[in-house]
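One chain, subunit A, links the two complexes that follow: it is found with subunit B in the first and with subunit C in the second.
Moving on, here comes the complex of A and B:
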């Protein structure tokens, strides 16, 4: 019998019947449906013991404690640390995204050397030899910049440069430098501290306490506790700081601290400060040289309002005055001093809910300059001078945990200064504008991959010290920047007195009288009480400082710091991208916010494409109308317009730092920037 | 030329349509039509055999061949003997499979946990020596093959099921000396023993527990 057509059909029919009696079809369909849900790119969860490990987050605007939660040792989320004095359970938008960024595609995964227009991966050994050779050849002709203002890494870096014979080690701009200078001028020994938790009235003169001023997370917690009445003086009714405040007083950008001088005049008239050191000089300065009428003219805040604010301060039991830049940098020392003077005048120094004197820490690294000296060095002025040929460029430039090519005023000036340096090295965790310009990129371990520390971030109420242990091994081929610098120092024959970062941190803990084991477990050390004796009301040095001059009728820019958009050293995170509002970025174009009256005066309307020009540069933007901006002022968000990075931050809008022109403050010579006069024309 | 199919088809074939087979055909001239027609001759044939053969082949393929095709057989990285630990050492299941302080379930013990007793080999078994050498000394976790691992989209709490018997869902391993083979589904990536949703739902229904989506899918 052969297999004919009928037999074949019968075979198939039998086969079909047979298959239906097996699980092939049902199981196959089920498996295919499951297979279709299991694409290889879908992340897989890691199971195991969950732990919460305390570390210090420096990813946002300030250093504060967070708890990183891990599953089987793998970090998956960061949360606020209720036991840390600067967190109290809170976390900022960048801190919340910090673990997500551990695995970011923009992480630098291995040392890289510039070859032509690109980079090639090299080994750490090769990178170390290359850098050591360049450093040896440069001698003392080396400069460095770091964004780590609170950590011992800055001391190690500064000590290394001092060992080479260079004094060109700088901190990136912040509120700390003008505050340190102002406090010094008033006779303070360390840094001013602000006991915001115990105040019952907080007058914020320009200080954006929710986004950029001081200990932002702690500030938010203090505000949420609702123990004080908050008043914000500034040009923009800000989503965090001023909306939460009871009162918003509109004030011309950059002149907010001057309001303190006007208020001081009313307080003196009310009998405050009599007999205090410097009383007569201050009285003359605020009643004769710069009377409230003049302050009112400069700031746009009426004399009646200043009198009203003075009355509120007099009635409060524990008033506290904060002064600062609207975006956390570029302020002048006089402004900061004016706010501090009000605190002194009201007897708020060394008082509960007032101002404290937080001492600088003892030196723990050989040759390292003290922190006051480091804060007094002006990185903006140095870069401008190098670019303009007024200062000799360094042969080797070391950039640690900072992105000056993006975040210093006028990035093109920084680029010019970098071009003049023979060899630029970036110690960075992420590929950013500075790393892209560097000749050598040394991937720095992330904050949870290496030990770090933080001493009393600016704005703290009391001296405090936290140590952040490494809770995981580096995800990529990275190293701690501090350890690399220590190796470099050893290879170039410079004795910094410490062999490792841990040794330096232990020395710091010992100098403070803190228990190392407790610190290493993640518990912060807090000083019982700092003293601020010897502070005066006013002195001749302050008289020499200059008042900011605002041209009448000028259009002034108020840069907006927004943590969800990023900070100087950290671009917009993937979490942050989805929170960008259409008043900040519209169809990938930066928004320039102004109120309807200002727009009408300029002949603009909503969504008009414009060019914003300042003496420093220009930005493309689109008009966004907002009644939260005072007339005569335009506001633009910072931290957009990155040209290097991942898809979440790159090529979104424009960089407002291009518009910030730099002035030198009379008296201190410090670089002041932040509120340029701008012209707005239709594009 | 056209084909003329026998009109008495069913009768010719004895009314058994299962037994038809075409043997050939003859050509002859039809007197009325005056043309040649083809007269197909049919003969009784047996289709039962191929039908049965097809059925049997498919059943065999479905029940024997298909599993071989879809599942790959794997063995555990270390031949772990439960019987040595339970019967031999008198250990309780919960000494290794325990709830953590936060209520989460540890599942399989970590290498660190095993190393509490096996920092060094304590017996003669080569599997133990291999475990110490490859995992304890290296500080690595053993990539155990979990027979009933649920996918990530299922939130399963052992704590919520602690009143059930372990063997309601898991194999009884207490007397197992050599772990059973693990069958890996090449399509889904899951184990053959992974519980299906209908099994969860049935048990929930039988025990009066909610079968709402969010109970298991967060």
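Moving on, here comes the complex of A and C:
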């Protein structure tokens, strides 16, 4: 059989048809497209039984519940916990990346000892022996600093130091210390609590409730409910403050709480407060010693505005006044007292939507000083005194969950103080400025790897307590800082009365009357509305405090706290770098924000490279024009400019803490810092 | 085969008067969708941010100045510009809810879709995704990792939609009639300031229905005819005015 023309054409046609109909080509193309994207270096997903486990996320001032989702026990993402009173489903930009930080390139993976300029890995056993020997040799000459304001770890640390005979155990600066002092002066028993959820007017004097003041996530949720009209008084405009329910009053940085004194004068004129304890003294203080005209001069807020604010407070059914520093630390007690006085004057103490008195917890660790005593100790003053030779340096310095070498005002002063201490120990999960300076690093387990707890973070409305269980085993050779300190106490013969962190937390739960099993499952305990009493309107000790003086024509710095840029203890996360704006960091240079009029006065324009100098230090920056900043003020974001860390956090801009100069508040002697006068020159 | 009809239109309403620009949504999105972190994110043409928060202002000097932040996910357009230009049919407009998604293995990386999208919502993997050592262990099991050379974008976390349907089936409920709150994308769940709302725009029982029908609700570049499924809302006229290209004397929507 030959192949004729007809059958040849039939063959071609049949072949073409067959090829078009066969799935081989299409399947082949599909496979090629899949396999050309299926490279061995592209990570594969891992599946498994899914669970959601409640823990407590403690970055910044806040401590709120999150749920960590796991697949076959492997944690992969953190979400807000709708059942937690301080989260209500919300989460902050640091919390949202918290699980991924478990494998941060900055994590310290094993104990390390300083050898020469570098570090050498050692075993926990060796590290424990080394530290115990140093502690024994130092006797009572030991100091400690911790950033864990809400946890029982601080009690264990403070108890250990007290057992050694040292009173030098400090908490890092926050809003709590001035608030505790102010509340105490007015006769409060514990800490002031703020029932933001039920207020119908929130007047925030300097307090940045969305970034740095108190329970940030809960504050946001409370404001989202639209129950309250919100006024912010401060140097930098907040988003959306031109709608009727949100207003902005520009005020010189650091002087915002003084506006409360001006408002108090109008409230007294309107007949408020008559007969309250301390009425006469307050009246004299706000109408004669510091009349509204003087307050207006110091703050830049006009008398008419203060009168208007007073009128709004009088009209509101449940007004609430919050005071604070724009960046969550460094404020004075007078300012906080002034805000509390307004609340007292308006009858807002122990009222729904007002100020409550949150008791300090009962002691659960032997020898540990109570929280009020700890809050009264001034870490900034101590470090400055050590650096200047006014106080004897401690032989051993223990740093737990804090980065003082970066985040105390004037880091070079902290560095000097650390140099004077013979042996610095850092209990840090991450390699930071403090760990890099330490002689010994005892890596702390991360929050999901070890049990932790939190009692009533500052700003809470009622007393609350949450326990954060360990949901995974440590992924590196790390241990819980609390457990390490407890075993150190045991080896130095100090009886703290608790054998483990869990025991201490159980004792805390029992003292509060909370059910341990419920707590351990991740459900927070919340107290009934507390009944503080005996709060007075004024106290003579406050009379000794003085108004801040701002020289006319001075350029004042307003540091900006932004959670997405990090907090004192934790820099931007790897996932946070996409949130950095070019008004905060431009081509890796820190931005100094100012309005066009201010820039014109200084002879500067957008993108000019400048040097910002304060009495404390100087920073490199680039001008970024923003009309959201009031005239005579420059704003600079904190938490950039790390010199130690990983590619995601290191060498990005400059550290604004270098510019913060420290003053002592007359009357309380507390260190106040935050709004130095600065000079800006072209670099 | 029976053709499945669905009346669902998943949509978002973002209240720009509540957004503080905190960035929690961006970070939550990055973690949920397995987007690799970048050490230097200053060059926004090279980074991947399915959700990007823009800063806007009214252009006035102090003290008349005002600021707003605008989170921009994919608009999940009813009439997606990206879909029509894709030469390899790698883009899908889902019939059940209207989510626009990318079929990664089909994508040939031509980037026509990126050029076509008027919202800059699409991103290109210029580099292989690299996580710091060990961090790949925290990848979610929900979203496949995309290699270099493909385009990608926000999907309204449609894996959570699939999960919600599965959950409904397991609980014996009708998966085509989900309750409000059954399916919430990661960014909306994360928002600590109550600015973001999510639900079925066609369902009067859902909050987004009411919010999207308010006079202050608007969509970005609405007049292009893309019919976005993301609504914004602001009581401020200047914010709404920046949402579209208005003629000088033309009234802003919602006035």
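Just so we're on the same page, the second predicted complex is superposed on the first by the 633 of 683 C-alpha atoms of A that agree within 3 Å, B and C clash if a C-alpha of one lies under 4 Å from a C-alpha of the other, contacts with A are read in each partner's own complex, and residues count from 1 in each chain.
Just so it is clear, contacts are C-beta pairs under 8 Å (C-beta built on N, C-alpha and C of every residue); 3 or more make two chains touch, one makes a residue touch a chain.
Remember, it's a predicted structure, so these values are computed and weren't measured experimentally.
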item	value
Which superposed partner A:75 touches (first subunit B, second subunit C, both, neither)	second
More subunit A residues in contact [subunit B versus subunit C]	C
Subunit B versus subunit C as contact partner of A:34, first or second or both or neither	both
Contacts of A:223 with subunit B and subunit C, given as first, second, both or neither	second
Partner chain in contact with A:575 - subunit B first, subunit C second, else both or neither	second
First (subunit B), second (subunit C), both or neither touched by A:14	first
First (subunit B), second (subunit C), both or neither touched by A:48	both
First (subunit B), second (subunit C), both or neither touched by A:683	neither
Residues of subunit A at both interfaces, subunit B in one complex, subunit C in the other	34, 37-38, 44-45, 47-48, 50
Residues of subunit B touching subunit A in the complex	20-22, 45-59, 61-63, 66, 70, 100, 102, 104, 106-107, 110, 141, 151-153, 185, 187-190
In the complex with subunit A, residue positions of subunit C that touch it	16-24, 26-28, 30-32, 34, 37-42, 47-49, 52-53, 55, 57-58, 60-63, 65-69, 104-106, 108, 128-129, 131-147, 149-150, 186, 189-195, 235-236
Residue numbers on subunit A that touch subunit C, as the complex places them	30, 33-34, 37-39, 41-48, 50, 69, 71, 74-80, 89-97, 99-100, 102-105, 210-211, 216-217, 220-221, 223-225, 237-244, 246, 250, 475, 562-564, 573-583, 585-588, 595-597, 627-631, 646-648
List of subunit A residues in touch with subunit B within their complex	1, 3-4, 6-8, 10-19, 21-24, 27-28, 31-32, 34-35, 37-38, 44-45, 47-50, 72
